[in-house]
Amino acid sequence: MSTARLETFADGVFAIAATLLIIDVSVHAEGDELGRALLDAWPQYAAYAVSFLVIGVMWVNHHAAFTQINRVDRTFLFINVGFLMSVAFLPFPTRLVGEHLQDDGEQAAALAYGITMTVISLGFAAFWFYAAIGRRLIDERADQRRVTGISRSYLPGAPYSLAATLVALRNPTVSLVLFAAMAIFYVVESSLFGRADEGA
Amino acid sequence: MSTARLETFADGVFAIAATLLIIDVSVHAEGDELGRALLDAWPQYAAYAVSFLVIGVMWVNHHAAFTQINRVDRTFLFINVGFLMSVAFLPFPTRLVGEHLQDDGEQAAALAYGITMTVISLGFAAFWFYAAIGRRLIDERADQRRVTGISRSYLPGAPYSLAATLVALRNPTVSLVLFAAMAIFYVVESSLFGRADEGA
Amino acid sequence: MSTARLETFADGVFAIAATLLIIDVSVHAEGDELGRALLDAWPQYAAYAVSFLVIGVMWVNHHAAFTQINRVDRTFLFINVGFLMSVAFLPFPTRLVGEHLQDDGEQAAALAYGITMTVISLGFAAFWFYAAIGRRLIDERADQRRVTGISRSYLPGAPYSLAATLVALRNPTVSLVLFAAMAIFYVVESSLFGRADEGA
Amino acid sequence: MSTARLETFADGVFAIAATLLIIDVSVHAEGDELGRALLDAWPQYAAYAVSFLVIGVMWVNHHAAFTQINRVDRTFLFINVGFLMSVAFLPFPTRLVGEHLQDDGEQAAALAYGITMTVISLGFAAFWFYAAIGRRLIDERADQRRVTGISRSYLPGAPYSLAATLVALRNPTVSLVLFAAMAIFYVVESSLFGRADEGA
């Protein structure tokens, strides 16, 4: 049983969720105030960029995992459906953050964003560890050190997201900056230190 | 004649219909009322989750069917177009349920949801039985017991959906719970009892 | 040079354009008037179904054409981009028809629908005849009678669409019925008479 | 390490971004004024067509590049994510141009469009030159003259876009015409002079 159709479906959800983010970027202004309104809308662009990057990172990691995974079972398919359900939810809190970054709704928006990110992180961990523990769905030819290395690299995601979410109870702006930093750090780190053969 | 392009098109519709569901989740509130409004919007999240799961189940089953089917004909393509038309319609009654679960529109919304689900179930049955009866499009190497087993597992879907729809005439909340239960039951049952080689 | 990536891109546009149609189906009503409003919205459902079917037919025909075509060139890619641009435009006049079928805007909506359908038909003809004339992009192993048969079957599309559009100048309802009839006729005819090997 | 999944993801984003453009085309009018309103909305159709064409050109070029590229690394994946982020942003300034082409917001809209196009052009250049310089990701069998030819053809994109953007400071209409002309020129030129084997 191949993994191809799961990868196609997942790629579809990643691509659509990322591309849909732009629907929620909107500016309503009379003609002569459009320039100013476009500048004031910077929180929407920032939220768009961070969430697009988060989905891109998820896609790269999902992709990398399938260099080690070579079969699926029903439970695994539904774990993926659940994980993708959380990823596809991200446009909603992204819109909230873009709209409320500069008003009294910032804390509620940051909490919604953080909870969604935490669920996504947990979903990704469930996806990977279901496949990796006991090498349940791992390719027989895969190097165990490589599998363990991937496992180790995915461990911090959920605790970090949870911590960043809790920070929003005190300071929602810092919480959002922590999520942006996580995505940027991941891109920089894996570009600098990722090996060419490292599942990418 | 291969089935690949039909599967690609179907995967696209499944992925898009599921991912579009989030567009209809929306909360409009002033900043300081956002937290409360987000909590009050739980029917929208529940409707999102159930419909995403329903589409995920449809995708898994469609996927499983193609482990037995190895060719297509024109009629089969159009049966699939009709089936996908009903799946792609699901975001509309989902939105209705999310908006009206707590007002006087609940019955109309539940009926719209139920009718759509019944049409989807009938469409899926038409899709499978057109291929399976007389082994019209079934792979010559497929085990007939396996084909019969799939047929048997798909029989209850449409009657169950019709019954749950009729329940909405008396109690729309119960009707909606029955649809949520069906999706969750399917996931749990097939994860627990599905064999690793069972078309998944 | 293979045709695979063009087919993937086209399948994506077909699947997305069809699935996006549901975004434009909307009913706004207070709870206790929702049932009536849902019934009154039938023109939207009809428009959804006809346009979904039209896109499905386009997908099947595009699919069938690629059983004969086995290479591409730049001009052909851009003809496809233009054709897909017209297909992806269809949700807009579909929305107009769904909204204005029962008011004074029906004629304008029917003309917009008809013009779009005519452009789609011309685009499809350009796509096919660019490939088929002189067998420019046709597989060397393809049977010329089969190619000629496909050419003949695609000839009536654009004149029919143009005629149905002109009918809207006198009677927009009849015009719309003619487009619905074309899609349904195509499905029935090709299901009844299509050979199993006929590019499907 | 193959390039297939990156191409699938990119094709998804291209197809979705192009198809989403139609969501932003909208006309609100009473029935008897619909005809006039549809005619007055021509800037929206023009913006739709130009942006669809731009995305189509990007897709063809991305496609052509992968006839020379045969492997990926992490940095390259994230360069692609960044490039696709800019492409997926295009529906937003397209909507602004469609809405404000005939009011005082034209200059702001044209600047937003031009800046987005410039970022897209820079992203595409980063994508190609990262792969091509030192033949980092180029297929060993690829002809260096061919690679150099592609590099040369991509050099003018970003400076041209930047220049056209700056023009908007004086005359936004001319700026927008320059972007439309670029897309049309590219299609005509590559159709007339593109060799059949030229990566298409």
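A, B, C and D are the chain letters, set down in written order, and residue numbers restart from 1 in every chain.
The rule we apply is simple: a residue touches a chain if its C-beta (ideal position, glycine included) is under 8 Å from a C-beta of that chain, and two chains touch if they have at least 3 such contacts.
A quick note: this is a predicted structure, and the numbers were derived from the prediction, not measured.
The chains that touch chain A as well as chain B do not exist here; no chain meets both. Shared numbers divided by all numbers used gives the overlap of an interface; between chain A and chain D this overlap falls below half, so the copies present different residues. Averaged C-alpha coordinates give centres for chain A and chain C that are 36 Å from one another. Separation between the centroids of chain C and chain D, computed from CA atoms only, is 26 Å. For chain C, the set of residues touching two or more other chains reads 8, 12, 16, 20, 23. On chain A, the positions that touch chain D within their shared complex are 7-8, 11-12, 14-16, 18-23, 25-27, 29-35, 38, 48-49, 52-53, 56-57, 59-60, 63, 67, 187, 190-191, 194, 196-198, 200.
Put simply, chain B touches chain C in their complex at residues 1, 5, 8-9, 12-13, 16-17, 20, 23, 71-75, 77-78, 81, 84-85, 88-89, 91-92, 96, 100, 103-109, 111-112.
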